[in-house]
Structures are given as structure tokens and as C-alpha cells.
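Shared between the two complexes below is subunit A, which pairs with subunit B and subunit C, respectively.
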Partner chain A sequence: MIGRATRRRRLTPYYFAAPAVIYLFGMWIYPLIYSVNLSLHQTEIYQLMTGGSFVGLGNFGELFQYNRFWNSLRVTGILTGVCVGTEFLLGLGLAILLNTAIVARRVFRAIAIIPLMLTPVVLGTDFKIMFNYLYGVVNWALTTVGLQPVQWLSNSFWAMVSVMITEIWNQSSFVALILLAGLQSIPTELYESAFVDGANNFRIFWSIRLPLILPMIFVAVFWRTIAVFRIFDVPYIVTSGGPVFSTEALSLLVNDIGYQAGQMGLAAALSLIMIVAMIAFALIYNRFFRFENE
Partner chain B sequence: MLGLIVLIIAFPVFWLVRTAILPGSDLALLPPVLRFTPDLHALRIVFVHDQFLQHFFNSLIVAVSATTIGLCVGFSAAYGLSRFRYHGKALLSVLILCLYVTPPIAMILPLYVIFQHVGLAGNVGSLVLAHSIFTVPLSTWMMRGFIARLPVEMEEAATIDGCNRVQGIIRIALPLLRPGIVATMVLAFIYSWNDFIYAVILTSGSDTTLPVMIAGYITNKATYWGRIAAAGTLVIAPPFIFGFLVQRHLAEGLSAGAVKS
Partner chain C sequence: MKASPFAIGLSVLLTVASFSAFASGKQEAPSSGSAPRHIVLAVFTGPEYSNMEITKNVFEKQTGISITIDQIGRSAYEAKFTTELMSGSHAWDVLYLQGESFQAMAKAGTLHSLQDVISKKVQSELIPAAFQKGYYDGKLYALVANWHTNYYYYRKDLLANDGLTPATDWREFLTNAQKLTGPGPNGQQMYGDVYRAGTANNSIHFNFSNYFLAFGAKWLNSKFQPVMNSPQGIAALQYYVDLKNKYHVVPPDVAAVGYSELNQYFQSGRVGQVIQWSAAYPVLMTKAQSPQTYDKTGETLVPGHHLNGTYVRGSLATNDMWIIPKASQRVAGADAFIRWMASAAGAKEWAINGDDPINSLVYKDPEVLKARPDYAIAGTADQYAGTFPALPEGPQLLSIWTDNLARAVEGQITAKQAMDTIAAKWAVILKKDGYYN
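And now, the complex of A and B:
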């Protein structure tokens, strides 16, 4: 016979988990099912309450033939790859710098956080102002040193660069913070014994620091990839999807299809593709790097 | 070297503040004017003409509510995940992760419809629920890391002294976890405060939040640089302040307990 106390003890973890489970069902599983249903119908925005006609996988087929879909895949892929990579390098550099500059490290770390705190919309408008072709300070600086002004926001290539610069400026500190924490958790005895053994700075970095902060690197790369894949605010504000869709990332395309063109079913299909991609990425990454420790 | 980095970091912010208080006529002047009499005209318009305070309170209410929900659900889940072993624990963990990585735009679509059915459309409440999609997993992951670092012996000692589990948490664990909880709250608040994508689709007009208001200054007719910068400077103030207060714990929380000490 299980006494009442024992049963209560056995059920305790479930009590703790209950709010999250209820939340997951209500705010994730149910909307997802709804989204799947939506993606199988051709639903215009004015048909949302009444429902549209069933088209099976027709929406997905339409997507795969849509050149803007492939364009946004390309844009998102480039954005993710370049931004995450650059943020990693810059963040690593910044972290190493902050790790060694003992003088007023707290002050510099506080300064390094500044870009991170900026509201993306404010950040986007600020950079939009700075990148303005005629009146922006960036072009003014370029002309002062004798270079040609750049069409930051109206040229397909430079628009991508502008968006990337904005995002990289914003989030490199994020990577730097995480890596700095990792660097600072390395016991100094490891360095000392390496010095005694005659290792130079580069060797120390490569063989001691880098391997030991590898978990932090994986974490930082993971979160940044997730974040840049879903990027919306910065391209929307700075370039509105760019001259001729050249900066139209996936999220912007979903927004355009769903809320501008009104094709909710199509938008739902695209958003499902995004969800699947992200979940697959998360699970595979997790399996490989096991950062989700039990 | 460090000076150059500081310059790169600080310049855009400096430029923002400068644009906010620049007299309108000087905005288009090149080379940029560095000495000028500050003009608070833009700030005045923002407050009087554009209902800054209304949007400010919207942002505030949403952020506080979303943070609270996130922390309540998240802490509970995190505690359960940290301290116990039970069936379905791994599944719950994975599902919360899946929730975390789902792109917001993908959630907005069904939520938009569901909220319309329920009658929450355009309401500040819909935004609170939407933001909780981020704050709940964030709180769970961060608290999990912080709780895991707290030795179980603390609470066990409390149970020996006659408390039950919950009392043990309240009396012993929570005070010790305060820095972690504060860091979590700050990050969740900042996220909700800064959010744009949920707000721009789910709310409009006077129900909307600050970021949407600022984005609204970019119109087909003109871009109101002065007002953007003025409002923008005010908008970034809370995240700045809160961020500085908890910067020491930010890295811990951001890495979500990835490194076992």
C-alpha cells in the first residue's frame, strides 16, 4: 500500500512541471497544430474566421516554385553565416582583450555591453540615419578621407552589408561576454605550468584556452544562429527588405505573404518550414555538442 | 587598441543622442556640427504630440507581466528539472528547447487567429502572452543553471529542521538564488521591452509599444529623424540601466548553465 505521504512525494516533480506542461500545450502545441491546419488550406486573411479551401500540400508546392522563397533562403543563409562567423571572431578578440586588460576591466566590460542593450528598432533607425547616402555621417567620413560615398541602403550588395554591420555591431558583445566568462574560469595554474614548460603566448591560446572554452563557443554559436535565422527587426527597419528584396530574410517574407498579401495559408506553410529547420538544427546540434547537460 | 574599440562601440550611441537634441536645421549639415545649442524641440513633440507616455506604459505593463509569467512558470519548471528525476523529464526539456527556438513569426500566425477568436485581438494582454513564449523558456534555462549550482544539501537541511519542500525553497533557496532571479528578470524584461515583431502585428494605435511607435516615424512621406532619435534615446534607457546593474551575472545566465563548475 502506498501511503499518502509517499504518493505525494512521488508526484511532487509533476506538480513542479505542471505549469510548464500546461503552458506548452496551450501556447505551443495547440498553435502549432493550428498552423499545420492553416498551411493545408488556402486561407486569405479575410477568411480567417471562416476557414479557406483545402489544398493539401499545395501551399508547399507553391512555395518551392516561388523565387522569392529561394531568395529569402539565400539571404537568410548568408546573413546567418556571415554574422555568426564575424561575431564569433570579433567576440573572441574582444573577450581575449578584456581578459588581459586588467586595468579597469569592469569599466570596459560595462562599455562592451552597451551595443547589446540597444533596442533593435532604435538600433536600426540609428544606423539608417548614419548610413544615409546624402546626409549620413558614414559617407561624410568616407569622403573626408578621399573615398567615394557608398549607396549603403539603395544598392543590393551594400544593403546586405549595412544590415550585417548593424547586427554584428549589436551582438558581438553577446559572444564576447560568454567567451569572457569562459576565459575567466580557466585556472591560472594551467598558464603558469605552461610558461614553465616554455610555451609562448600563441601556444597557450591554441592548446589551453581554446579547448577549455569550447563549450562556451558552442553555446554562443548556437544562440546566435537561432537568433540571426529569425532576424526581423533590423532588416525591416534599416532596409525594409532591401532594394528589390535583396535583404528580405525569411521572417520578412512570411510577414509579407501573410499580412501584406493576405495569404495566411501560404505564410503558415513557410513558417512551418522555418520551425522544422530550427528544431532540426537544435536537436542535431544538441546531440553533437551535448550542451544541454542533465 | 582598446580606445579604438571604445570609439566604435560608443559612437552610434553618441550619434543617437546627438541627433535627438540637434536643432532641426542642423540635421542635414555636413560636416557634422559638433558644437550647437541643444534643442529639446523633438523631445517636446514626442511627449506632447505622440503620446509617448501612453506607449511607455504599454511597454512597461507588457514587460512586467511577461517577465512575471515567465519567472513563475520558468522557476517552477526549472526547479522540477534540476532537483528531480522523473518520467518525461527529458521530453519536457526538449519541448521547452523547441519552444525557445521556434521563430516568433511562426508563432504569430496562429496566435493572431487564436487571439481574434478569443477576443484578445489588439489587446495588451495578447502581447503579454506572446512575449511569454520567450520569457518562459528563457527563465527555465537560466534558473536551471542557477538552481543546479545550488547544493541540494541546503534544502535537505531545511527539511530535517521540519520544513516541507516548498518552505525549504522559500526560506533557503530563493534568497540564495536572488542574483540569478534578478538577472533572469532583467533579461526577460529587456527582451519584452525591445520586442518589435510581436508588437507590430498584434497591436496597433494607442495600444502599441514603444518600438512600434518609433518605427512609425519612418513613413512614406518623411523620416522624422529628430523624433526617432529623441524617443529612441528614452527607449534604450531602461535596458541600459538594468543591464549595467546585473552585468556580472549576465554571462552566467546567457550561457544558460552550459559549463559545470
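And now, the complex of A and C:
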């Protein structure tokens, strides 16, 4: 028979875990269950309190026939691929630069993380003003050197470029910081040995640095892919998903369907599709890029 | 290890603290008997907030009830108030509600009735067409806060330079626009018009719908059947599209132009004509906000259209509203606010500071007319103003309307395809919801 003291001892961890569990349930599990239920009903915005009619997987079927869904999927895919790829390359370059023994390295490191200090709304608003066709500083610079002004926010192609530039400018530092941590953890003896063996800089980078920071690259690419896939703030502020949905990422479509068009059930269904997609990506990514500790 | 009372107490404290993190803030106890001395009012950023910051001082002096204003970003406003109202939050006592969402929020049962708040005497002073907008299912739930319509603003000097006069119809408007478009005095490109063509916050709707109504088109007939794809409706959209894609008299970035950008084009002297809200009058026609152009700008009614030998006029009006959330715990104070804003005293302050109340007495008040010279045409403009269909399905219908208009302006579909698509999609929704068979 278990004594009272033993029972109390066994329950202590649960007391400490209780706040976190309550938070998890309240902020994640319950909303998820509610969202799943909502996605199975055709619920207009004014039916949120009373509930809509049950349609099973009807909302999902409607989404797959919705042109804007496929457009948003395409936009999100392009944003994810280009932004993550560019952020990785720029971040790697920046990390290598910041890892080099240059004068005022600490100052450069501080400057490099300034983009991360800006909130997305401030960032998006600033870039939106800079990209303004009429009075933006970017077009001013272009016209000053004799080039034509660009419709950064009102042309489908350039609007995507504007969103990408804004996001890449903001987050390359994040990637750089992660990779810098990896570079700094490489023992210097490895470089010394490589130099002694006659390896050049490229060889050192390719055969020593890159393999040893691969776990960091894995982490950075993984987190940035998830973040860009569910991007909302930057395209919302800079282009509002326009012109004519050319920069409408999936999260913006969720917002538009839910709050603009008042189709809450449909919006919930799209949210779930996004969640499933991200989970699938995480599982596949981990499966193929798992690193085992030596 | 023995479980200490300290550990248990700390766990309980942390649990309670985590619950309190979800609390929506300090709440006053519901009033019992006398009106509360304080209410919270929510409004989006922009001229309405600026106005309220001034008007509330007069309200506080006259009633003894203080107001805290919760200013919310315009682009996030719809999502914010939908969430707050639907969740039954006590955060606000009065809300500035966008007219397009009124029917949906009323149908959802989130609004407090105003049935006995405004006296019969004051009701008789209110513009009838506007006052009726606050009714849902036979009961009053809102007081229209702003009965904005649109004006035709123009540069007197630019028109005069080219021997032009303010347009009275759309043919003249186009002729003016074509002559005004070209290199300006400073070598910068000038345009004959600028309009909104984006989908963000239904931007294109707020400009195009003036052209639509002024061409004599309608959204629905008396049986709630969609008729926007009439010859007049298609012609209006074709005209709008041609301004950009055929005649090139509007800037190429109209898809990114919103209310502020439209004003900026005009204020910077790059545009000769524009259809813009009456609320833009202080922005475009005062020295403080448009030092370069205010004294060269004129305003008149939106151009009309010759339709089958008849001259028709039309313009878009919106009817944003004051409502009291059903969950408000200071209803008496909120009622006092609504009562005051409906009265001539409150409406006068609201009007002097830049907005357009629906108490007709203010449009004859000498002090108001001195502060608001644009009111000289407001009464006439209001006669021709029309509003978007006020239905609970409004947000969904508006989204379909906006999306297809934008596609047409971008050249993805023709004007006819756009209007036909809108009509077909609206028909599905309206039939499903039983408006007609």
C-alpha cells in the first residue's frame, strides 16, 4: 500500500507542470479542437455563437475547387523557396564575415542584428513607404540614375519582389546568428591542421566548416521554412496580398475568407490544411535530414 | 522527498497567475442605478479618431461622463471588432462599427438595442434614410455616425489653363482627364484622375461604386435579384477599366492606392480631378493640410450620366455607426453617449470637427456652415447617395464584388465577365439564404 508521503511525492511534479498544461490546453489544444469542429460546419460570421450547419468535409472540397486557394499555395511556395534560399546564402555569408577577425567585429555584429529589432508592422510600413511609386526613396534613387520608376506595389511581379526583399532583409540576420554560433563552435585546431596539410580557404570551407555546421543549417532552414510558410505580417502590411492576390499567401487568404468574407468554417478548414502541411513537412524534413550524435 | 506546502502553494499561485493572464483587463463593476461616470469607446485610426479626441471633451463637460478611447489600427479593425463582439467581451461600451458589418453583427445578437434611447423629438431631426439604416428586424440597434458621400474634387487652375470646366458627366470627365494627363509644369507626370483599384479592405469598392451608381446601375432589384450586370453596370466598369488600360489617365500604381495615397496624389499637385470622400474635404481644401493646392481646389457633385435621354446622378454613401455591444457593463453611460451624439448638440461638435452626422439641424447651423463650407453641397449630394446592400451576407457579397472588379481593372477578365461572375455568385448566396427562389 502506498503511503500518503509517497503519494504526495509522486504528485509534486504534476503540481509544477499544471500551469504549463493548463496554458497548453487553453491556448493550443482547445482552439485546435474548436477549429477542427468549425471546419466541419458551414459557419457564417454571424453564426459563430449559434453554430452553422454540419457539412463534413464539404469545406475542404470547396477549398480544393477554389482558384484563390491554389494561387495562394503557389505564392506561398514561391515565397518560401526564394526567401529561405536567399536568407540561407546571405546568412551564411554574413556569418562567415562576422566570424572573421576584422576590425570592429563586435560593432558589425551589433549592426547586423538591427533588422531583427524591428517589429514586422514597423518593418512593413517602412518598406511600403520606401517602395511607394510616387514618393518612395527607391524610385527616387532609380530615377536619379536615369532609370524608370518601378511599380513595386502594384505590379504582380514586383510586388512579390518587394515582399521578398522586406522579409529577406529582416530575417537574414537570424540565419546568420544561428550559423555564426555553429562556426564559432568549430575547434581552431581543425583549421590549423588543414592549413598545415595545404588546404586553401575554399577547401577548408567545403570540407570542414560546411559539414560541421550542417546541424545548424538544418535548424535554420527548418525554422525559416515554417516561418515563411505561415507568413502574414509582411505581405499584409506591404501589399495586403495584392495586386489582385499576386502576393496573397495562405495566411492572408485565411484572414480574407474568415474576416472579410465572413466564412469562418472555410477559414478554419484552410488553417487546418496549413497545419497538416507544416506537420508533414516537419516529419519528412526530420526523416531525411536527421543527424545522429557521434 | 516530502512535498512541501511551499511547493504546493507556489504551484497554485502559478496556476492562478496563468488564468489571470487571460483576463481582459480591469473591469468596473456594473452600474447599479445612476449612469456610470466613465465609458470606453473604440474607433479606428484616422479622422474619426482625431475628431473623437476633440468631441469627447465637450461630451465630458456636458454630461460629466468621461471617455477613454481605444484606438485600433484601421486595417485590423474588422478582425478586432468581430472577435470582440462575438466573444462577448466587456472591453468596450461604444463601438464605431463599419456599416457593411452592421447587419451581420445584429443578426449574430451581439448588439444592444437602442429602441428607447433616442427621443421622438430628436428622431424627427435625423435624416430619415440614414436613420433607417440602424434598424435590423424592426428594431433600432445603431445610430449612423457618419453619412459620408463622395464629391468630385478638381483643380480649378489646371482646368482653366486648358480651357476646361468641371465635368458634369462622365464624357466630360474623360475629356478633362485626357487633356490634364501629360508632363506637368515641373516636368513631373500629371494625371487626369486617380482612383483606388486594390482589394485590401475592399478599397476598389469605395471608389468604383460612385461610377457604378452614377452610371445609373444598381446591385439588386426590388426582388433582391442581382442586376449589377445590366448594360449600365457593365458600361460603368468598362469606363473605369478604360481610364487605366486604354486612356492611361490614371497613375499605373492604382492597385496600391488607398484613401491616403489618393489624397497624397492630389495634395502633391499630380492629379487634376478625383472622386473622393466628403471626409477628405479638410484634407484637400484647407491650408493646414494642403498648402500647395487648397486654394486651387474646387468641389462639386459627382458627375452624372445621360441614360436613355435622362440625366442620372449617383454616388456612394457609407453609414458607419455607433453601436453598444451587448456585453457592455456600462450601458447607461453608453446610452447617454448615443443620445448626445444623436442630438443637435453632439452632432454639431462631430460636424465642426470634420465628420458628417445625420441630425439635419447641423446642416443649417451658421457656426457649422462656417467651419464646414463643404456643407453647401452636402444636402444636395445626399439626395443622390446610395449604399451597398445592407444584408447579413454583406461581407461575403462585398468580397465577391471587390475581387472581380479588381480582376477586371488588372485585365485578367473583361468588364462583362466580371459583372456576370458577380451576379452569378451573388445569386447562389441569395437564393441559398431564401431571398428569392
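We take it that the second predicted complex is superposed on the first by the 264 of 294 C-alpha atoms of A that agree within 3 Å, B and C clash if a C-alpha of one lies under 4 Å from a C-alpha of the other, contacts with A are read in each partner's own complex, and residues count from 1 in each chain.
In this section, a contact is a pair of C-beta atoms (placed from the backbone, for glycine too) under 8 Å apart; a residue touches a chain by one contact, two chains touch by 3 or more.
Keep in mind it's a predicted model, so treat the numbers as computed, not measured.
Q: For A:Arg109, is the partner it touches subunit B (first), subunit C (second), both, or none of the two (neither)?
A: The answer is first: A:Arg109 touches subunit B but not subunit C.
Q: Mind telling me which of the two, subunit B or subunit C, contacts the most residues of subunit A?
A: The partner with more contacted residues on subunit A is B.
Q: Counting only touches as set out at the top, which of subunit B and subunit C does A:Leu177 meet: first, second, both, neither?
A: first
Q: So, does A:Tyr23 touch the first partner subunit B, the second partner subunit C, both, or neither?
A: Touch status of A:Tyr23: both partners.
Q: I'd like to know which partner A:Trp206 touches here: subunit B for first, subunit C for second, both or neither.
A: In the superposition, A:Trp206 touches no partner, neither subunit B nor subunit C.
Q: With both complexes superposed on chain A, which partner does A:Val254 reach: first (subunit B), second (subunit C), both or neither?
A: First partner only, subunit B.
Q: Per the contact definition in the header, classify A:Val122: touching subunit B only (first), subunit C only (second), both, or neither.
A: first
Q: Could you look at A:Thr12 and tell me whether it touches subunit B, subunit C, both or neither (first, second, both, neither)?
A: A:Thr12 sits against subunit B and subunit C alike.
Q: Mind working out whether A:Pro243 is in touch with subunit B, subunit C, both or neither, as first, second, both or neither?
A: second
Q: Scan A:Tyr34 for contacts with subunit B and subunit C and give back first, second, both or neither.
A: Touch partner of A:Tyr34: subunit B, not subunit C.
Q: Once the two structures are superposed, pull the subunit A residues common to the subunit B and subunit C interfaces.
A: 12, 15-16, 18-19, 23, 48-49, 134-135, 236-237, 255, 258-259
Q: Spell out the residues on subunit C that touch subunit A in their complex, using ranges where they run on.
A: Touch list, subunit C to subunit A: 1-3, 7-8, 11-12, 14-15, 17-19, 22, 75, 78-79, 82, 86, 104-105, 107-110, 197-202, 251-257, 261, 264-265, 268, 270, 392-393, 395-396, 398-400, 403, 406-407, 410, 412.
Q: Where on subunit B does subunit A make contact in their complex?
A: Going by the criterion above, the answer is residues 1-2, 5-6, 8-10, 12-13, 15-16, 19, 27-28, 30-32, 72-74, 76-77, 79-81, 83-86, 88-90, 92-107, 109-111, 113-114, 116-117, 129, 132-133, 136, 140, 165, 190, 193-194, 196-197, 201, 210-212, 214-215, 217-218, 223, 225, 228-229, 232, 235-236, 239-240, 243-244, 247, 250-252, 254-261.
Q: Write out the stretch or stretches of subunit A touching subunit C in their complex.
A: 5, 8-9, 11-12, 15-16, 18-19, 22-23, 26, 44-50, 132-135, 151, 153-154, 159, 236-237, 239-245, 255-256, 258-263
Q: Once bound in the complex, which stretches of subunit A touch subunit B?
A: Listed in rising order, the residues are 12-21, 23-24, 27-28, 30-32, 34-35, 38, 48-49, 94, 97, 101, 108-123, 125-130, 134-135, 137, 140, 144, 169, 173-174, 177-178, 180-182, 185, 215-216, 218-220, 223, 226, 229-230, 232-233, 236-237, 250-251, 254-255, 258-259, 264, 267-268, 271-272, 274-275, 278-279, 281-283, 286, 291-294.
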